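The structure under discussion appears below in the form of structure tokens.
By written order: A, B, C and D. Residues from 1 in each chain.
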Amino acid sequence: MIGLAVIGAGYWGPNLVRNAQATPALHLRWLCDLNEARARSVLGPYSTVQVSTCYEQILADPAVDAVAIATPAVTHFDLVRAALEAGKHVLVEKPLTCSYADGAKLVQAAQRAGLVLMCDHTFCYTPAAMKIRELIHAGEIGELCFFDSVRINLGLIQPDVGVLWDLAPHDAAILDFILPADVRPVAVTAHGADPLGTGRACVAYLSVWLSSGVLAHVHVNWLSPTKIRTVVIGGSRRTIVWNDLKPDQRLAIYDRGVDQAADPDERRQALISYRLGDVLVPALPEREALGAVMADFAAAITDGRAPQTDGHSGLRVLAVLEAAARSLAHGGTRIDIEGITS
Amino acid sequence: MIGLAVIGAGYWGPNLVRNAQATPALHLRWLCDLNEARARSVLGPYSTVQVSTCYEQILADPAVDAVAIATPAVTHFDLVRAALEAGKHVLVEKPLTCSYADGAKLVQAAQRAGLVLMCDHTFCYTPAAMKIRELIHAGEIGELCFFDSVRINLGLIQPDVGVLWDLAPHDAAILDFILPADVRPVAVTAHGADPLGTGRACVAYLSVWLSSGVLAHVHVNWLSPTKIRTVVIGGSRRTIVWNDLKPDQRLAIYDRGVDQAADPDERRQALISYRLGDVLVPALPEREALGAVMADFAAAITDGRAPQTDGHSGLRVLAVLEAAARSLAHGGTRIDIEGITS
Amino acid sequence: MIGLAVIGAGYWGPNLVRNAQATPALHLRWLCDLNEARARSVLGPYSTVQVSTCYEQILADPAVDAVAIATPAVTHFDLVRAALEAGKHVLVEKPLTCSYADGAKLVQAAQRAGLVLMCDHTFCYTPAAMKIRELIHAGEIGELCFFDSVRINLGLIQPDVGVLWDLAPHDAAILDFILPADVRPVAVTAHGADPLGTGRACVAYLSVWLSSGVLAHVHVNWLSPTKIRTVVIGGSRRTIVWNDLKPDQRLAIYDRGVDQAADPDERRQALISYRLGDVLVPALPEREALGAVMADFAAAITDGRAPQTDGHSGLRVLAVLEAAARSLAHGGTRIDIEGITS
Amino acid sequence: MIGLAVIGAGYWGPNLVRNAQATPALHLRWLCDLNEARARSVLGPYSTVQVSTCYEQILADPAVDAVAIATPAVTHFDLVRAALEAGKHVLVEKPLTCSYADGAKLVQAAQRAGLVLMCDHTFCYTPAAMKIRELIHAGEIGELCFFDSVRINLGLIQPDVGVLWDLAPHDAAILDFILPADVRPVAVTAHGADPLGTGRACVAYLSVWLSSGVLAHVHVNWLSPTKIRTVVIGGSRRTIVWNDLKPDQRLAIYDRGVDQAADPDERRQALISYRLGDVLVPALPEREALGAVMADFAAAITDGRAPQTDGHSGLRVLAVLEAAARSLAHGGTRIDIEGITS
């Protein structure tokens, strides 16, 4: 069994603790947090797991093979680097780090050390995202026409990051996960607003141009009184609607769309008609995605292979986020991804 | 009674015909369309209303006091001008014309002639929009924080205009209608895509900055297999969700949001908490908005006053659309409204 | 063309008028109502259709080949009989009459005279009901296991009938329409309540035992503030959910259920597991059912054949209703259908 | 702290374990199940809680002050009696026992021994049920007019009981909890069906007459592919809809209904009109009801008082269930509650 320590007992840490305990291949040894009472409270009074307030103590423990880090984003770089230097495999919350350059250093470090570096892009481990990826890669939707994601709810205003860095990593990761291998984001614009004067954007709109010419769009918002988590993936043959808040119908595959005329001239004359076909709601298993994250982390360590959402996918997500942040800071100018990654 | 002629028996014309016939103050005399069979078919075999294929014939009829025009946008300028010159009051479909400059000429012409020029911004006559306007103007939502509209469905690709000119006029008109008098759009960016190669944008995202600093956003899309018509109006005190496809709950007023710290420094430290209050779904009458449009048109003629959505509101909507079209044509650059209107 | 008169300009009559006017094979000649102003108001000021307050005048008009009757249920027997005696084909609103015995007389009279007698079981002409019938008859759902209908909303308390006679005819007609030919209702119980002291049941629950042993159940209610119109048809292989208020998904076919053990002993030990398969939402045309009613009425007259919902189906529905009324009057005792029909 | 043992590690037991561990006033000492591996698996590898396969061992432990029993219904009587005889307070899953007579013995035994006997009617501890009770008792809905509950989903066919004993206890308990003190069930009819030949009803409809003349109705079903958990409580002034599967709107209070004429004669002439008022969705805390059950159990022990859902409420629920079972066995005859309880 792989000895594991969880670092960070705040908002997401308890979920890591719970799922780690339910993963047979993992042996949870420590929960580490600067606030010892918080860590004890997460474990509860009946636990045999140890508590520490000092991550150095944990990194020094030879029974710890791997760490799972759920601390504020600004601490990721130092903690991940220290863990890798101590020879530990690392699972880190999104975003990997706060800059592409820092992230690239960590990926290199992990590679040199032969350690697993995994980014917890939880949504990529949902049965819905896996099914979408499968459908796209099998050509079931035809060519990708548009991607539109809305991820809004009443959110806690983060002390260190705006809504873009808080929520859009999910969408950038989903996009990275489901796109065909030859299609990549090439440019980004982002618009945002801070109507409450918090010093950071609480509402943001992100446009991402893909190498295929397709426009992807993401709406993230901390101020919405209703919660929406819907991704629409339009294809030339079928369109997928992923409503993550509809447990009995998370995915719906619409066999409908606009029929194109074969002749380009006819297209321009808009001789285009509807096709109203059936809708298929595929049966999907109901399971917690984070359990699959943990299982893949453990298997990657055991098998010496990259996990599904490895450091490289974390880096690709960072490239989009950093471009978006630059666009936001420059009034919505278009920023090329290449300018970030090279 | 006011003698009326409807010009255009295409997609929207039949709705004008039906509602005109149900308006006591109007006497529908003519339905005019280049395609006589289409006009006859709209009236049906039991009607006493006359059919014509020639709008000059109608404009020459002294029994006709007013015309309602539902023809393609490119024809609006000539038809409205001719009608005004013939001394007829005019109700015209959105958009008023295809350019701000042309629209301004029509508004001037109507003013000079002392005739009513009304733009059919139907959604502004829905009980929902009227209630929203009332709530905002009474201070019930506090300060406006954000405005987000999604108007998507499988739409007929128009031969003459893209999705922006087809659908966004609704949102620009709603925004114009509900905003406090001292808040106006000042700049616009628009991004769009034409994934089917139709020669016009079928998916578009519009950002509108208001003079108060607030960001309004509109998503219009002809390729979505699901129909969504939702406007969210976020306020510092309450937030309104208008879902026009939910007949039993079109408006929901959320008494919840993010509580601001009074002290600016605290705001920047994000010492901000939730408020989860009740939701109120106000009782709204169920009635067809177009009936109210017709009634207001008739009353404006009779009373010699401007209708709720007069030529000036049509012009303000045109300014936003023209700025959006320019931005779309220039890769999403920010376009100032002032550059359009002056 | 078939000359038609509509009798009754109350709640449902306007729908008959509108759909008759849109049916090419019909020529609407009269609208008849005791209240002339109401009849004129239904037709509107632009109509060429004649108005009468005297049904004898209409029955005497040789240009009238057929009548469509939408008057209170207590008047059906006399009006239909008079129309048949005058040699007119008849379309009559549900219920056919107020008693099985009276209904049987009308069916006989129509048969003797060689005239079409059709009962307006509108829901049987919806694309949804037709699809359900097709699926059941093709064996797609396996054996019928249960039928459950909820038809509730804030309804106008009728002066002459309780909620059972007002709403349950729809369900009895749907059941009659979709059942395999060899399965028929055999017994009924009904429970009801009159919490407002109106003198008639405003809430009622109807259980119908079928000859196959299956239990069908219907909940009708005039006091519900929310409107529900949902029929669930459970089968051994698939289950159909018909939600008539969900335009984008009226029918959903669930390929899921409880897997039976083949061995009866195992069944009794409840060794039964789940099957969670896909859900299919078939594309259905959106059209007004009453238009199809009118078209079938016209075609039945022209072709000299029975319409889909003829007098016999009206009679079968009456048998269920009359049994239900007796059960209601006797505290919910079980009433055999045979006791009504023989 | 109160020493607790949980008996039964099957379907519901894990929820008792989890919530007991989260209740500060309780100290979970044992989890007991005939299947030791199952018990260990429920606790997981990191727990300090002890496991036993022998309930006598647990009842003999003086550190155990109370037991929570989640075993099959047929075992309740013996286990609860043994626990009471051993001087332990008892929380037992619904139904209290399998017969009213047995239940009455347990209630007496607890009373004699001065021990808390609580029945886990979980739904009575939801914020929704508590709010409903509060609204009814404060007169906010006026007089109760009807109660309708639908509790259906694809359910595991139970080896020992039909759907009525499995699901209807929830509704009987909710009804018991929310009714004004002077209104009680007086008679019951139940109809059911076993379309799969499992030897027990899988679909059942229960009508419950209340002492006020009101009809309550419950639909329970194990064969429905869609899950519905909706209770509608109609009042003369307002109507409450509780949809337990709609997290953002579990309760909706409709200020609408049918306006009654004051004069009884007018009522009988059905001079009754609509009132379409606002809908209020009250803010409710989101918390697990079972946590509140545990807290009330602990507080009842500490304070020497009856819990909210004590043995007497368990008995009242049993009276309804036993009457329903008799009715089901006798073809739906009406069974008086008094015949059960006296």
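Definition applied: a residue touches a chain if its C-beta (ideal position, glycine included) is under 8 Å from a C-beta of that chain, and two chains touch if they have at least 3 such contacts.
Just so we're clear, the structure is a prediction, and the values are computed from it rather than from any experiment.
> Considering A-B alongside B-D, which chain pair is linked by more C-beta pairs in contact?
Looking at contacts between chains, A-B has the larger number.
> Give the label of the chain whose average Cα location is farthest from that of subunit C.
So the chain farthest away from subunit C turns out to be A.
> What is the distance in Å between the mean C-alpha positions of subunit A and subunit B?
That pair's centroid distance is 38 Å.
> Cα centroid separation between subunit B and subunit D, in whole Å?
The computed centroid separation for subunit B versus subunit D comes out at 52 Å.
> Which parts of subunit D, given as residue numbers and ranges, touch two or more other chains?
Each of 226, 252, 256, 276, 279 in subunit D touches at least two other chains.
> Write out the stretch or stretches of subunit D touching subunit B in their complex.
Touch list, subunit D to subunit B: 249, 252, 255-256, 276-283.
> Can you name the residues of subunit A that touch subunit B in the complex?
These residues of subunit A touch subunit B: 143-146, 148, 150, 154, 156-159, 189, 191-193, 195-200, 202-203, 205, 207, 213-215, 217, 219, 221-226, 232, 234, 236, 239, 241, 252, 254, 256-258, 260, 264, 267-270, 272, 274, 276, 279, 331-332, 334.
> Give the list of subunit A residues in touch with subunit D in this complex.
Touch residues, subunit A against subunit D: 21-22, 28, 44-49, 226-227, 248.
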